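Same chain, two partners: chain A is paired with chain B first, then with chain C.
Right, the complex of A and B next:
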């Protein structure tokens, strides 16, 4: 079996399986925990909307905090939107998902995606530099933070290498690209990348709890 | 431990009343080997770990944004004051003992064990430099309620005997004497009599039946006793059937602040029993922040079922009285800014009530930013009792002064006696020209009695 066949075949299948199983395990793990009944008289009975509201409203900082976190939000939004475009609006990627699921949607011109890809990678590098130099980030960061960064940056980097035919044969580069994606999928449920799903639960929890009290969110 | 108790004379003369500054510090309570202390702290942190805390523990992405919301970080620039860092040790306990991958962590012995020395270092982070004000909760992109986690970590620290000396001492005194500041039942009764004479107002104490049970903070009894008369003036004006009770008057809860869950329950149960004993339909909490969080939101859960009476902060009771036309007020058209006590407004939800009261007074209100989000005074969470934290507290107070000054308002009004003593103390320290005024006091002074 060629490297590329291995990558496209068993590697991708197994990592997808782990990805799905791991996410389920972790989500079920936190969702099944014992929830205590709250006997206090609620200020507001219906708390669902409070949860939903915070899930959306916390996408953006309160005016009070806008200035202090401006750089952070700018970098983070650039990176996340860039990543989204690269993953979902690149024609070869869409075709791959179409083969898996049958779904298809319009995509962007490849040249444009390459520019976005380069920008995404640059933003990731900027975020890493910031993490390693900002006193707070430097202090609180752990293995998970750096490893999660690496497994996120690798597919972007190898994807760019593959399309620019740099360093090795296209097939080899593509195989590496796919393997890096496998690594991302496998790591995803175990580290902080889970925030992509957990944000709904943690924001929703606080939103609902605070709505019950009528507290500020 | 009794020698620690004997070494705790109260200091009731300063701008901030607490136990006196200890000559020798005893920030470790009880005799036990270090490993035992660590084991107890870690165990009790994960013990009855609810779903909410677990979700929070899982969700942090280490973005560091919470630092910018915390007055300790903002004023010092020291990264150790980053809110989520205050829980670092406990996060390790969670991962190892309770998380969904705990078995993996234990199997490979990942997440190295915490040391007693580290726990002692963290004492400063969990107590001296967190007022549990909850501003960090407002900034976290994952919506993690960091303040609630700190409160949980305090339980662990208490059980491991790692509470800052003065906070431990006032909590112990509160459990033993019924008041953290020597405001025992008989002292309270004396003060009620004194205030009744001084202000020529009727102050009902220990009525057998009453519709409304009024509670009070020791800080008010000892430092702002006029509050007793203010309560009486307002409730008598409203024609309410009310009483103070010497078997359930103390609303502060140093069990909660120090992290002793059993004491917290004892303290709350006194008020709950007193309210039930006199058949009260309403229990009024005084101008005290954590008292509101403790009884309004946690009381029923300690009681084990819904409380058979409603619990209101005095500002809520005043707002209701005004709405129902039971309180008639003269206009007091002054320029005012209002300091929201964290536990009443931001975390308690009673943000609108004081504003309705001020509207009825006709004040010109200038807000310090979004209502309910203002800077903490720096004295909450028991921090004002801790002497070694004074310097840090004054630093955070500067932030508060700046925020107040920026409004250019003439009067600074609030509704928490713990904030009030923090403001008094800060005012004395900085020779500031602003004195915090109590909302209840202003209302009591502007009643139209026919």
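Right, the complex of A and C next:
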């Protein structure tokens, strides 16, 4: 079995299994946690909309912090949107997900996605430089932050190398790209990358709580 | 006839010197050699005595031979093959039975250490090699015996080069490629199912001209023909970059000639010259005819998942069972973790 077959076969299968195992573990573990009974009189009975509202309202920066955190916001938006485009709107990636789930959707021209991929990688590097040079960010960063950055940046970097045939033969680069995705999948549920799913629960819970109390969401 | 030069033989078949030089120039170009090499090829081939070639067919479908002989016109390549002393080829030769085997032994004796051995088909090792035998001699035995006196070996087709379809899972005959048995001779792999005829003639021309095999890649293939992927040289490549894909064999995309990646084309990971040299006198190649590349010049191409599954899809067996089990196991562990936390919290509140 050569490297590309290993990557497309056992590596992908077992990393996906670990990904699903980890996601199920973390989500069920959080959702089944005991919640303290709130005996206070609720301002609003139906708190669902408050939860939904906060999930979206927290995506946009508060006016008070816009100026001071402008660079951080710009980098974060570029990176997150870029990553979304690269993962979900590149045809080969959509076909990978379609093969797993049966779902399909329109995609963007490959050439455009390459450009977005390069921008995403540049933004990721800028975010790392900022993390390492900003005194506060540097102080609060730990292994999880740096490793999560690495497993996110690697698939983007190897994907770009593969499409541009830089450094090795295409099938080798493609195998490395898939293996880097496997690493991402394995790490995802157990590190800070899990925020990609937990943010909905944490914001939703906070929003519902605020709504119950009548606070702004 | 063996004493005549290649040029003399070709001239006797009505090939002009201009036609011969054109062939030499084309061969030099195909092999990615400098223009000056064309003259060297012409000079050497012109003087070369009719070289002896022994062609052994083992576990194969005769598609490689068909590929070489099914030219719709008598091309210069086919004439070059006529000019080669093809001393043994059990599909093409008139002799049969013990006479055919005697011809092989005679050819080996006459040109010991100098003949070129062409092999198509893989060699079965199961049952002491007797899954396939010719005149009572196993393929394994015949290969060892004939390779001993060969100057070089050309593996024609994927079966001889990498085991091919006979070696595909579950490989009932224990099929192996030539390189798994012969270790002490220069070997050139010309894979493909079947390979392109002009690649074969160019490799022979290179060997006759320079007395050595052409530059090979890590899989033993001539770099000049197998240096680029089908995808990189494909005329449909711009559609891939534009995100225009055929989604079925009869949709608008297919009719417009868009990229066949979604329909399982293996062009991105397949190294061959199909997209540039093409087939049937440069008429077409599978992608041009509307079907994706199946990756036939790569090792284990038969066991790399469905031909119609996109390259980006995973290759695995019962994924639903594996992933379903993972989800249930994860949920169970999560429930146990939550229950354990609840018990801890209850104990803590009771202690207060």
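One rule holds for everything that comes next: the second predicted complex is superposed on the first by the 215 of 217 C-alpha atoms of A that agree within 3 Å, B and C clash if a C-alpha of one lies under 4 Å from a C-alpha of the other, contacts with A are read in each partner's own complex, and residues count from 1 in each chain.
The rule is short, and it goes like this: contacts are C-beta pairs under 8 Å (C-beta built on N, C-alpha and C of every residue); 3 or more make two chains touch, one makes a residue touch a chain.
In this text, all values refer to a predicted model and were calculated from it rather than measured experimentally.
Participant: Is A:91 in contact with chain B, with chain C, with both, or with neither (first, second, both, neither)?
Facilitator: So A:91 only meets chain C here.
Participant: Figure out whether A:25 sits in contact with chain B (first) or chain C (second), or with both, or with neither.
Facilitator: both
Participant: Please tell me which partner, chain B or chain C, touches more residues of chain A.
Facilitator: B
Participant: In the superposed arrangement, which partner chain does A:34 touch: chain B (first), chain C (second), both, or neither?
Facilitator: It touches chain B and chain C both.
Participant: Between chain B and chain C, whom does A:147 touch in the aligned arrangement: first, second, both, or neither?
Facilitator: neither
Participant: Using the superposition described at the top, list the residues of chain A that contact chain B and also contact chain C.
Facilitator: Looking at chain A, the two contact sets intersect at 25-26, 28-31, 33-34.
Participant: Which of the residues in chain B come into contact with chain A in the complex?
Facilitator: Touching chain A: residues 49-52, 54-56, 58-65, 67-69, 73, 77, 79-80, 82, 84-85, 88, 99-101, 137-145, 296-301, 303-307, 310-311, 345-351, 369-370, 372-373 of chain B.
Participant: Which part of chain A faces chain C closely enough to touch in the complex?
Facilitator: Interface residues on the chain A side: 2, 4-5, 8-10, 12-13, 16-18, 20-34, 91-93, 95-96, 99-100, 107-113, 165, 170-171, 174.
Participant: For chain C, which residues are in contact with chain A within the complex?
Facilitator: Answer in residue numbers: 229, 231-232, 240-245, 261-262, 268-269, 299-300, 303-305, 309-316, 319, 322-323, 325-331, 333-335, 337-339, 341-342, 345-346.
Participant: Sort out for me which residues of chain A touch chain B in the complex.
Facilitator: Touch residues, chain A against chain B: 25-26, 28-31, 33-36, 38-41, 43, 54, 58, 61-65, 68-69, 72, 76, 134-142, 144-145, 190, 192, 194-195, 198-199, 201-207, 209-210, 213-217.
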